[in-house]
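Chain IDs A, B, C and D follow the sequence of writing; residue 1 opens each chain.
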Amino acid sequence: MTKRLKLGAVDSRALIKAGGVAGLAQIAAPFVWSARAADTIKVGIIDPFTGVYAAVAQNELIGVKYAVEQINAKGGVLGRPIELLVEDSANDVGTGVQKARKLIERDGIQFLIGDVNSGIALAIAQVSNEKKVLHIVSGGHTDGITGKDCHWNVYRVCNTTKMEANSVAELLFNKYGKKWHFITPDYAFGHTLQEAAQADLKKFGGTVTGNELTPLGTTDFSAYLIKARAANPDVLLVLPQGLDMVNCLKQVAQFGIDKQIHVAGLQQELESLEAMPPEARVGIWMFEWYWKQPGVPGVEKFVADIRQRSGGKVPTARTWFGYTSMMSYALVANQAKTLDGVTLAKALGNFELPPEVKLQPNKCYYRAGDHQLMTSAFVGEALTKPAGDPEDLFKVDTVIPGDKTSPPESETGCTLQWPA
Amino acid sequence: MTQLLLFNITNGLIIGAFYVLMAIGLSLILNLSNVINFAHGGFLVVGGYIAYTLEPYLGFWGALIVSPFLTAIIGLAVEKTLISRVYGRDPLYSLLLTFGLAFILEDGTRVIWGANGKPFTIPAALAQPLSNQFFFITSYRLFMVAVVAVTIVLLFLLLRYTRAGVRIRAGTLDLETVSALGVNVRALRSLNFAVGIFLAGLSGVLAAGQLGLEPTMGAGLLMPSFIAIIVGGVGSLTGTLVGGLLIGVASGVTAVFFPAASEAIMYVLMAVVLLVRPRGLFGEEGMLT
Amino acid sequence: MKQLLKLEPRRKVAALAAIWAALMAAPFWMPLLGGYTALGTRVLVLGLAAMSVNFLLGFTGVLSFGHAAWFGIGAYGCGMILKYIALSTPLGILAGTLAGGIAGAVLGALIVRRRGVYFAMVTIAFGQVFYYIAFQWSSVTGGDDGLRPFYRQPLHLGVATLDILNNAVAFYYFVLVCFALAVAAMAFILRSPFGRTMLAIRENERRARFLGIPVELHIWIAFTLSCFFMAYAGSLYALVNNFADPRGLHYSQSGDFVMMAVMGGMRSFWGPLLGAVVFVVFQDYVSSITINWQIFIGFLFVLVVLFFPRGILGAIRRTVVAS
Amino acid sequence: MSLLQVKNVSKHFGSLVAVNNISMTVEPGELRAIIGPNGAGKTTFFNLITGFFTPNTGRIIFDGRDVTDLLPARRVWCGIARTFQVTEVFPELTVRENLRISVEVASGMRLRAWLSQTDDDKIRARVRELIEMGGLAGKADRQVGELSHGDQRATEIMMALALKPRLLLLDEPTAGMGDQETYEITQLIRRLHRDGKLTIVLIEHDMRVVFHLADRIMVLDQGKFLAEGTPPEIAANKAVQTAYLGQAA
């Protein structure tokens, strides 16, 4: 209980500390901010801290705050400390857009992070683009963000759905079999994920026995599972995310389907695995980042530091997304010695992340053509029994570099329109 | 195809049984106190989380029994301090009040237990499919249906044969007269509310065994209960029972043929019922209209 | 409106002048208080929506808890025109308003016989139908990702072009003009004989019926008008966000609108606008301070219900009358 | 021709028979009183005439037209207006607004969004007239809910009168009033009947009022017809005496 309350307290405290004295004035008199000191660099994060994505969004925030701490300890950006402004999009587009305008128009932020929800991410990217503010989408996976809806000022840290599908498909095909059945969440993210996986499967010469489109927020998957089992596939791919995935896998385990058909999926997250009882933690998946990487420089320190700040919980992929997004900005700004949005956006193209930020074995860089981070996929198996640490719920088989999973720039559909 | 259909009708009945348990609690409160309890889903989540917290100490069975009572006590406290103040006022106020309560309960669980879901483990004996053929009938789901059935039979017996039960039923029909007969209506409403929340708590424990336990899980389960009540007819618990089973089957069967409409079908069903029989399948003429 | 604002006529005129002056000068004074133009625009639109809800709730006495549906349909209607059909802002608004209004009229005919808490339930449930349509028919509505991209279009006024897309202040004034038109229409209706029959139904439905007012017909008309206003506000909302998403149709959104109306004062014409100001600003402020802002919103609901059931304006008026 | 003919109407709620096979004929210009002990079915009988309930059996003919199945509002349009046992007004509106709504509805303007100046003047004049007639001149701009019981009742009667009814049904117009108020309301009804030539049917418990006003009296008991006649005839009727005494004992 005290853990959560503490986090709440940290929010306001971090806000104050981050900006030195300046933040206090904001708490005390939020509507008279002209009194605040102007020597900080303001950075905003918009994420759905309430609603169904609350858990992952809050982990992302832990990463961002940790990054701000690190940056400020090392002298900030161009000698000025970062002040972090946190806004809740409440998983609502209207609120998200309003918060984006508030951060940009009123608070005058130089850099924006967010949103976990792809829809909101796209909507606030429209705003940041209109206002010419550098923006990193930390956790929205829909291809369009670095595809047909890309903007010159918008970068993305997390994978595209195509990258996720490409990373898992081959292993799945070789290890589990060639007849696949999909359970797909019925919205853009799910559709693109499924299409990508299906395209890979066709390439290898496999067949699709069916695709169950499940409405977002489905609680009971039995009807779909009945149908899927009747089709008798080799592999059942569970594509829903978050609570939907937990519901689905719980029911899969109770029905004993995992004993007859191989259960697998593409994107998996530590947050979801931790919400599942042991018997539901089965199958081959990909993690976008994993906390246990023996021998990779910086990871152990990162994990230890985050544990100190999250009540003992290890960082998840989301924590890393937040951390990397924030660090990327500081690094590129210090390197380019400017805060100008256009210059920074240009500089971030082909920018390679140093080891203490990328925290993974492979090369990790922002692609200039579509602004997508070429980050590794951690493919492996979910563990029913934790391996040692109670949070070690995944066994990584291979770490595939991002430029192997990502389609070439020419196929993303992205044409960047730079301001004249 | 026939087999698939049969499977899904059975399956729908199982899902429907769960809706019924939640809807009956909602219906009890609505009938006697004229309060739409938006916070019902919130109480459900609280029940689930209390069970999750108790489980390491009391085991699943202990949690199953104790959690609904604790939830009911919380419900009673909320009723005494807040909801009882809006009885008899325009339904607008009870709606807004419970709407606000729903916010508080959801965010409250997030503050106490964290935003991430919690794994709630059920005994291994319950986590088995009964047969390979009917794999979707797990012992847990059968157990769930049995709990729902026993609870509802008990509830109906209570309402028919105990003094308080008879008063609750009479109060549903004509509260003024019951009050005029010297019955303490305040206490009766509190008791009735507590029973309703008890059922929400019980639904919460049962749901936690099958679904992911998260602060937001209650909101998604509230609407089906609403529809069960409207379809069955406001004022009739039998109606709620039938309504819940009906929408369970409708949604289960639709999921096979047209999954995108599996939620919408409930509303279509409701629209048809309202058109053909505005008071609902078992609703009394004139009640609450 | 004399009966609505029980103030002396001269004070009433002064109050009205003050309200409009404040609204017209908003882009200039808001930044001084830490506001921003986009917030002002949003408040205007949500305030209009709350006034539309109150048109029904406060003046006809009918509680619809599913009004966000018409708001959302308006937004989608407007967005779809801009996205698929024609790059014209006025056409978008017109289409959105018609779509939501007509849908409301059809549904209203179905449910107009229900009363009180049952009416509220049925409106919630039917509102959710539209929510699920928007949410799940992703090929048309964009589903959970929302309907996008579309952009409000500059207005061609014959001699000049008003760039409401990139100029936030120009857009604010555009919304203010739209707001004024709707508010004038509302005030006009409420002063008419028909408007008085709405009051009659609110005050005493039985008496109204036995005066020879076909109550169902009048409630249906009031409901439909309110849906049109609501959809109109929704169209403007689509322009504010350049986006339409299913959450705008959800019953929790309806709850927010009802709350704004009640908090401001449902018996008064301007109350809901005040409620929207307080609600939006409070939410905006609290959610910037803590991620657990929902608890505060929840307590705000409880507080208003228990201690300010007549809303802010109601409480003020009471104090004025008492002194 | 009779203005109102009620032919053998019955109404039951479940097993309770509230009105059992009752007939009544009211002539134009008549003032008819209906009396009877509590639970005699008087108000239910009223509700059948005004369309609040539909009878299970029997017909209701008003001015030669069968109105049995018409909705309440339509019966008002035919010319039947009523008041209620518990005063039904628009409490948060002023007397003037209460009457104005009634006048506008009666003039067929209820769906108008716009009034011409002439219409507006006409309506205002008519409202003033009704205020005068009801003796409400000093209180016209006060909220009805704040007024005394008698003034609320007078407003309600004036609202009914604004509809220019051909038949006015008054359900216990003096219920719960003091002597002075009872006297004023009685005088008001008397003026409407004598001067306005209005046909009135009223339910009343106060026998002074009944015997003072009524041309004819009908007596109901336990949902059944008991007697009908002029005031002196009813006063002398054995059955009526038993019914009332029986109830008293």
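The working rule: contacts are C-beta pairs under 8 Å (C-beta built on N, C-alpha and C of every residue); 3 or more make two chains touch, one makes a residue touch a chain.
Values in this document were obtained by computation on a predicted structure and should not be read as measured data.
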Sorted by label, the chains bordering both subunit B and subunit D are C
Most remote chain w.r.t. Subunit D, using mean C-alpha positions, is A
Determine the centre-to-centre distance between subunit A and subunit C, using the mean Cα coordinates as centres, and give it in whole Å. 36
Between subunit A and subunit D, what is the gap in Å from one C-alpha centre to the other? 73
Rounded to a whole Å, what is the gap between the Cα centroids of subunit B and subunit C? 32
Roughly how far is subunit C from subunit D, going centre to centre by Cα mean, in whole Å? 42
Residues of subunit B that touch two or more other chains: which are they? 107, 110-111, 260, 263
Which positions in subunit C touch two or more other chains at once? 132, 136, 292, 294
Checked against the stated definition, the touching pairs are A-B, A-C, B-C, C-D
Complex contacts: residues of subunit B adjacent to subunit A: 4, 7-8, 11-12, 14-15, 107, 110-122, 127-129, 135-136, 138, 140-141, 210-217, 220-221, 252-253, 255-256, 259-260, 262-263
Touching subunit A in the complex, subunit C uses residues 31, 33-39, 42, 132, 135-136, 138, 142-146, 148-149, 166, 168, 237, 240-243, 245, 247-248, 284-285, 287-294
Under the stated contact criterion, what part of subunit A meets subunit C in this complex? 8, 11-12, 15, 27, 30-33, 49-50, 58, 61, 85-88, 90-94, 97-99, 101-102, 105-106, 118-119, 122-123, 126, 130, 142, 149, 186-189, 191, 215-216
What residues of subunit D sit close enough to touch subunit C in their complex? 50, 71-73, 76-77, 81-82, 84, 88-94, 97, 100-102, 104-106, 109-115, 156, 159, 163
Interfacial residue positions of subunit C with respect to subunit D in the complex: 3, 188-189, 192-197, 199-200, 203-204, 206-207, 209-215, 218, 221, 267
